[in-house]
Structures are given as structure tokens and as C-alpha cells.
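Structures are listed in the sections that come next.
Each of the next two complexes has chain A plus one other chain: chain B in the first, chain C in the second.
Coming up: the complex of A and B.
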């Protein structure tokens, strides 16, 4: 942010203008979250008896822990797929002309703005028993009976990766655009091959973008309620659906609150690990 | 000899990267195309490729009053939430954009935090607060909840537009005797308007598509489109949803094309 202290009196508008939104957030964002925390620290639904019962229940229940574990694992798998597929897109973006650049950006951008239900629905059509993949494999004679793709971990990961890909690709495009192209040439003229240059120069220098992309993708993937529940089906349970079931179907608000808080903390922990890595990588990249 | 090896080596690298990039781009775009094609099926299933083509499911959509009702609700809530987000968000962005103070940085983090926190947890929290103060779920509670999760887009895009503003422009305007309000109206606002519009557009789209907050803050009387579609898909695979998806995809493409013209959306999101 190019803040210019010398000209502040002309170019800044005083903190008073932030008061309405700050108050709005205090009442409708901070207060609800505090109430969520408060209720999670009670052992009964009415909120009369203080205690850590809800958290103890979650942390000693193998089922709850396995839901948390599979959610965190899902996020890691989706993030890895997005990185492997998203990086070459960002790389290609830097090598094509302005016309193709706009095409690439719009292809990446469109899913981000298309309804999540629509995008998930598309994957039902693709992965279903009569879907494209099964129809193609069957017509090629490679399989006799349709493969089960929907309601599997594989299906959830691939659908989520497509849904969240823009969140990975956009920061990568920004980061690669900031790398001085001369470094690439310098590395090559000093005798390093393209592969070596990529892994030793380009990849380390784009770490800030990789970390920003991973943070956004991870946070979005583990909270993607719709895609998880429609592609995963009833067999696979992840934290958002677990939270929703406890809150809505079972009306167990204190336990749902504790799930929310644990989920929030898990997300915050992951984000802060990524942020710390980002800070370290900036020192490394020297940009 | 070494030269040929180098060329082969760099060729292999470029080939691998390009092939993966093209595969990735196909994976990104294919689902939308598949849905568009299937929505024109003449059959009763989501089989691909369709046995024949017709507009029957679009005709079916014309009579799907439940979807119309939900779409109307979603549209109204999204418009109000976007309006509120612009009013609150632009004002806040003006305050924090060029201020180097700690309180401005803290407020910036606060206003951005709904983007990272699980929205489902916020939805539940908001429902608990509203029921504590005795406010039943209604379009009003939906607008409030949506505004919280949509306002970050307006703040971020407006702050980015303000950061690119040349301070000398405002100084010369002041030197030439223009009042602050006049400078704001005639210089600042026209320059940051594309940023505000881009932020408002993304806020609108994300409100229209919101599930996690709506899930807790709506009831049968305030049915929302994405949730109606989700529940329809949970129950049975209805081809009418394919037709609705087709309409939404085409509307999104059209809106993005307009926004690209008006605001240069693609450049904004990669800077």
C-alpha cells in the first residue's frame, strides 16, 4: 500500500468513516462468535452449567476425531491437486500473448463466479453411473460394469479441486508476474537446464504466491459444504455436514458450537502455519 | 552436442508444463460445457451424450414455481446485501486504505476475516444471536448475514483502487482551491468507481450463491435458490436443475463479459 504520510491530510479520510462497518461487525460478527464460544463452554443445552464437557466429548470420541482428521486430509489432497494443476496454468499465462492471457484468465475466473451448486451438479453428471467417464470407458470396452466414482474420496477430491482451482491459480499468476524474467535467462545462460531453473529459481521465487494460493484453497476446500455432501453422499462425513447435523437435525447447539470452535481453530492453525511459512519464504525469495 | 541436449531438455520441460496446463484448463471449463449440453437433452436422464436434443426442460423450468420463488428471494437478498456492503464497505475502505496506523491495519484484518473463517460456523452463530434477541429468521436476517460475508470483497477492491490513486492528483486539486468534497466527487470517485463496481459485482455473485449462511438464516417462507437446488439434487437427479444450471451459466458468462468491459475484472484479480 503506497501510503504517503506527507500528504495524509489531503489523501486520507479519517477513521470516522470506518465506524459504521466496525459497529456492524461488532454486533453481527464478533458478538455472534463470542456467543458461540460461550455456549460451547456449557455442558447443557440451556447454557446453565459451565464446563468443558462438549470439548471432552469431541476429543475423546473416535468418530468425531475421525471426521476432523478426514476433513483436514481432504483439504491437503485438494490443495496438492490444485497446486500441481494450477502452477502450469500460471506458467503458461506468462508465456502467451495478451489475447490468450485474457482467455486464460476468463477460463480460470468463470468457475469462481458460477454457482457452486451448478459446478457440483456438473460433476454428478460426469462421475455418475451413466456419466461421461463410465460411458466412454464402456464404449471403448475397457470396463464391463460402471465404475463407482460418485460417493468416493477420489470423486470428492477431483470435484473440489476443480471448484477451488481459481483460488490457487490467481495468486500464482500474480506471483509469477513479479519474477524478473532476466533471472530465468541468467540461470539458463549459466548452464542450468530448464528443469533445474524451474525447481531452483522459479519455484522458490514464487513461494509467496504458492502459499497464498494454498491458504485460500485449503480453507475453501475444507468448508465446501455443498460439494462435500453432494459428491461424497451419505457415506462420507466431513466437519461442515457434521456441524450442520448436530445443529439443525439434532438441535444440539452446545455440541455444534464446540464443533464450530474446534473447526475454526483448525482453520486458523492451518492459516497461521501458512502465513508463517509465507513470511519465511519472503526472506528466502528476497523479493 | 551440448546445444542439442539443452534444446531437448528445455523442450521436454515446456512440453510437460504446457500439456498439464491445457489438461487443467480443460478440467476447469469442461463441467460447465457438459451441463450446458445435458440441459438440452430430450431424454429423462442425465446420460451423456444425450439421446436427442430439445428445449423441453427449459419449458419445464418455466413452470417450476418453487424455483421461481427461491430465485426471487435470492435476488432480493443479494441486491440488498450488495447495496449495504457498498455503503458500509466503501466508507470503511476510504478510512483505512491510505492510513498507516495500527488501528487501520487491525480493522482491515477484521473486515477480511469472514473470507477465511468457516462461514457455516458464522451462520450458526448468527442464528443463535438472532434467536437470543428474539428476531425470527426473515429476509432481514438473511441480508445482515450475507452482508457480513460479502462486504470483504467490496472493501478489498476499493482499497486496491484507492492504493493506485496518485496522491499528487488530490494535492493539485486542493492547491487549485477545490474543497475535499468536490475533489472526492470529481476526482476520487470517478477513478475508484471501476474498483467499487468490481467489488460489488463479486459481492452480489457470492451472496446469490451463498449456502452456509442461508442454511441457518432462512426458512420455508424465505427459500433461497442454491439451497432449493441442493435439496432437489439430494432427493432426485432432476433434469430441470440442468436447465436451471444452463440459465445460470449463461447469465454468469454474460455478466462477466459486461464486467470485463466496464471494470477490467481480470486485471483487477491478478494484481
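Coming up: the complex of A and C.
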């Protein structure tokens, strides 16, 4: 109890307390990452000959580039679906009573309480030939033969969107909660309609949440090895599976390392675009 | 700050020393570590092989550490002089990698009481094969009334959109492609005919699974009705009530040797040898052949029975006749090129 001695510099606490985590990161994250980089700069699997061969191989190979492209595109699609479906939930959350709020937060968090594997298997049951969607459509007489939903891009996007939805909804709920509800009323009393209020007031003010949600969802979607391979199957190749194939089945660790480094840089590029947008939006929100 | 750092360093050093020194003494007298595979393999080994080994060796301490072949290789490679594993279990591809990287002790064949009883294909001086994995045709008997008899049946027009295969990441996928190539005049060195055949199979393909385990799910969901499949995996599905049947195609069922190896520089070499001996005994192999394990034995003294006798082979002579063994040394040479080609060409 009692106040800290005035002579003590309060900022020194922060540094000291960060040391364990920093050490942990250094040993278990930075060091392996450097090892990965070191390995990727070798031309042979034994790691004896230095060179940029692995990177050249990837960057000059249209197939590898198409795998990278389709993975980044997949992330964008999933993020877009999550944003479109998640925003109304977050918006609703701020406008209902406390009881319904508990229900909504439970529904949003529920997927996080079950393992990704379980959630993905549920999607196999839903999207399968005899799954819920096909059975319903067939019983309604809308289709004769079952639609192919499993092992398609559509299936992967839908399943990933559900699996990663909490990562989008939670930051949005926080961001929307910070907006002063009086601003809505002010906008209306000044003559703006609901849509105009939404696009000119609510949306810009919630941008930090949108950007945080998009970053999280995007990063999670493109690296979701389990969902990608179970719903996408063996012929839809995304970066995580490509990496696994090279590292595990083929034991070609230098190429696998190069793939990881390239993937990492590509993701960092996308994330930095998001953060730049975030910085711009902060200026916008404050204006 | 300085105090903090100093106390932190002391703590770290103490912790490090506590971790390191028991580790050093532990290495000299640690229990035998057997890296089996996960899932049904681990269950079978825990229930049958480990008790048999302990009974024969005065309750010697043994630890099962189930992991994939690749992880076994990586772990041993990381500490070659003092490996954390004494006995490894491998599919044919990884076995050759482990042998090639000099991680394996030759099996003391002359000391072994059971080695000479193994059928000749299972006798490997780098590490014998205590079990076979068998790949044949799997089908849903509710959807397919006449049982398939040949790999060529997968191409039948009535199976349009009903066939499942796996990609080449798995031993099963690669072995199957080689067999298809052989059927069309190719070999382990030339799988071109196999890729051509795959191209013709495309209209029939409902799914290319990422691993053999996923095929099981696809059968359960009615996504596919026929596929190449692993005998043991099918028995597990069948036991759970999924309508699936296994047939050995007339071209022969593909047999993979699962080999067991003493790790080079193992501190428990003698016990490792004893464990492998236990895995080769007719008693252990007979128990593992019976339900619920249904693992195909390699010791010729084992009398075949049950489901294995019914769908695979009644005795060793028939087994040798009906099983096809592949040259994985040849396969490994080009496997990465095939995987790359499969990635590019097989899009459905």
C-alpha cells in the first residue's frame, strides 16, 4: 500500500518486467528464425553450399508463385467474408440489452472453446455430399445431384470464415463500444440519414477495430493448415501445405526454409499495409 | 535494474544447471525409449508388445514416445552422439533416409533367434520388418454391389465422381501411383504411364485427400465410394460400423514393410535388441494379427487366421504370391519430382 517513493523513476519498472518475455522471444523465436534464414541460404539439402538458389527457384517458378498468390487471395476472401458477417454482430451487440449481450458474446466465443479440428470436421459433415446443405437442397427439390462443396475454394472460404470469426468480431465489438452513442444522435439531429451516419460517423470511428480484426483474421486464415487441408483436400495447394510437403515428406529443408521466409515476408507486407491504413485512420478518426 | 539483472542471471543459471545435470546423469541410465507411430500403432504396442518385452526382460523400464518418422529422424539427427530414442519405427521411404544419414545400427542378425524365420522380404540387415502394411481397394458395399477386382476398375464409367485418392505426400499415395504405372507398362523408375492414367481418371475423381486418414472421413460422409486404402485403417472404420470393404486387387496388394531399427549410439543397445526380438516372436505377431489389431505378420511361423486369412492370404506362400513389394530406393530418387508434377497436374 501507499505511494511509491517519489525519487524512483517509474519507467524503469517497464523495462525490467519485459526482460523475461524478451529473453523467451530471443531464445524461442528470434534464434530459430535466424537458423531458418541461415538454412534457406543454402543450395543443397545437406546445408553445405551457400547460395540464393532456393529463393531463385521459388521466385522464378510460376507454379510456386501461383501457390503464394492463391494463399494471399484466400486470406483476402476469408477476411472480407468475416468483416461483412462480423460487423453487424458487433453493431448489434452495442444496441441490445445486457442479457442479449451475454448471449451474443457467448455465441461469438463458443467457437474458441472447441478445437479447430472439431470445428473443421463439423464443416465436413455440413458440406459433404450427404451433408446438411445438400440434403436440404435435395429435399426441397432445388437440385437433383448433390453439389460439390467439399474440396472447393468456396468450401474452404466458408469454413475458414466461421473458424476465424471471433478474431474479427471481438476487436470490432471493442472498437464500436468506444464510440460515443451521442455522436449518432448528433449526426441525425444535423440531418443525416441512418446510412449517411453509418458511413460518415460509425465506420470511420470503428476503423481501428476493423484493421485489428482484419490483420488477425488474415494472418490466421492463410496459416490455417488443418482447415485448409481437411476442407480443401490434397489438390488445393496453399503455402502451409506446400511447406509441409517440402519439409516433411521430401526432407528438403533449405527449400522449405526459403518458402517460410518468403511467406513470412509476404504476410508482413500485407500486415504492414493494414497497419499503415490503421495509422491513417487514427488521423482520420481524430480529425 | 542491475540487481534485477543479476538475480535474473543467477536464477537462469541455477535453472539451467538443474536442467542440464540431471539430464547428463539421466542419459546413462534412462529407460529404453521406443518411438512408435501415433494412433492405433501406439495402442497395439502398448497393449501387446510392451507387456511381452517386459515379461521376457525382468520388467525392464521402457517408454513409448509416439511420433512421425520424420520427427524421429529429426530428433536423432539433432543429438547423434547421445540420441534420445533407442528404437525407431519407419515406413520404407523414411527408413532409407535414416539409413542414408547413418542413424541406424545394423541388426545383430547372428544373435537373433527369430530373424531367420521372417519371410525373406522382411529380412533387412539394417532393421527387420516386424509388420506389413497392405494397400488394396476399399469400397462401400452399399453403393457398389459387385466387388471390384482390379485397380483398373477405378476407371469404370459407373464410378464417375465417386473415386477418392490421396496425394503423394503419403507412402500410400506414392506407392499406389507406382503400381498404376506398372499396370500400364511403367516401373519404379518410370511413372509417366501412371500420370497419364491419372489424367484419364479425372472425371471419376471426387476427391484428392491430403492424407490417407482423410479418406476415411470421406467414406463416412458418402463423399466417395471407392479408393485405394490401407487394410488396417479400413478394419478400424469397419469396426465403427462404417460400410466399407477391403479387397486385394488381382494385380496384387501393395505391401509396405514397416521396419524397426536400433538407433546408432543408443545407450540401451542390448534392450533395444531385446525389444525388436519381442516384436518378431510368433506369439506377439499372432496376438497383433487377431482383432482388434489385424496387423499382418512377417514371421513365417505364424498361422494366418481371421480376417487376414479371409481377405489377404491363408499362409506365407500365398502372401508372397499376392503381395507386391516395391523398390523404394528407386522411388525415393525421383519422389520429389513426382510430387512437384502431381502438384501441378492434378487439379479437379
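Criterion: the second predicted complex is superposed on the first by the 265 of 287 C-alpha atoms of A that agree within 3 Å, B and C clash if a C-alpha of one lies under 4 Å from a C-alpha of the other, contacts with A are read in each partner's own complex, and residues count from 1 in each chain.
Methods note: a residue touches a chain if its C-beta (ideal position, glycine included) is under 8 Å from a C-beta of that chain, and two chains touch if they have at least 3 such contacts.
Source: prediction; values computed, not measured.
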item	value
Combined model on chain A where chain B meets chain C, clash or fit	clash
Partner chain(s) touched by A:63 [first = chain B, second = chain C, both, neither]	second
First (chain B), second (chain C), both or neither touched by A:177	first
Partner chain(s) touched by A:85 [first = chain B, second = chain C, both, neither]	first
First, second, both or neither for A:245, with chain B first and chain C second	second
Broader residue contact with chain A after superposition on the shared chain, chain B or chain C	B
Partner chain in contact with A:230 - chain B first, chain C second, else both or neither	both
Partner chain in contact with A:128 - chain B first, chain C second, else both or neither	both
Chain B versus chain C as contact partner of A:150, first or second or both or neither	second
First (chain B), second (chain C), both or neither touched by A:16	both
Segment of chain C intruding into chain B (one of 45-53, 63-71, 315-323 or 333-341)	63-71
Overlapping contact positions on chain A, where the chain C interface meets the chain B interface	12, 15-16, 20, 121, 124-125, 128, 130-131, 229-230, 244, 248
Of chain C, residues touching chain A in the complex	1, 4-5, 8, 12, 68, 70, 73, 97, 166-170, 173, 206-211, 214, 217, 221-223, 335-336, 339-340, 343-344, 346-348
Chain C-facing residues of chain A, complex	12, 15-16, 19-20, 23, 63, 121, 124-125, 128-131, 148, 150-151, 229-230, 232-235, 237, 241-242, 244-245, 248-252
Contacting residues of chain B [partner chain A, same complex]	6, 9-10, 12-14, 17-18, 20-25, 27-32, 34-35, 38, 45-49, 87-89, 91-92, 94-101, 103-104, 107, 110-111, 113-114, 116-122, 124-126, 128-129, 132, 144-145, 147-148, 151, 155, 159, 163, 165, 167, 170-171, 174, 180, 183, 202, 205, 208-209, 211-212, 215-216, 226, 229-230, 233-234, 237, 241-242, 245, 248-249, 252-253, 255-256, 260, 265-266, 269-271
In the complex with chain B, residue positions of chain A that touch it	1-5, 7-8, 10-18, 20-22, 24-25, 28-33, 35-36, 39, 84-86, 88-89, 91-92, 102, 104-111, 113-126, 128, 130-132, 135, 161-162, 165-166, 170, 173-174, 177, 188, 193-195, 198, 215, 219, 222-223, 225-226, 229-230, 239-240, 243-244, 247-248, 253, 256-257, 260-261, 263-264, 267-268, 271
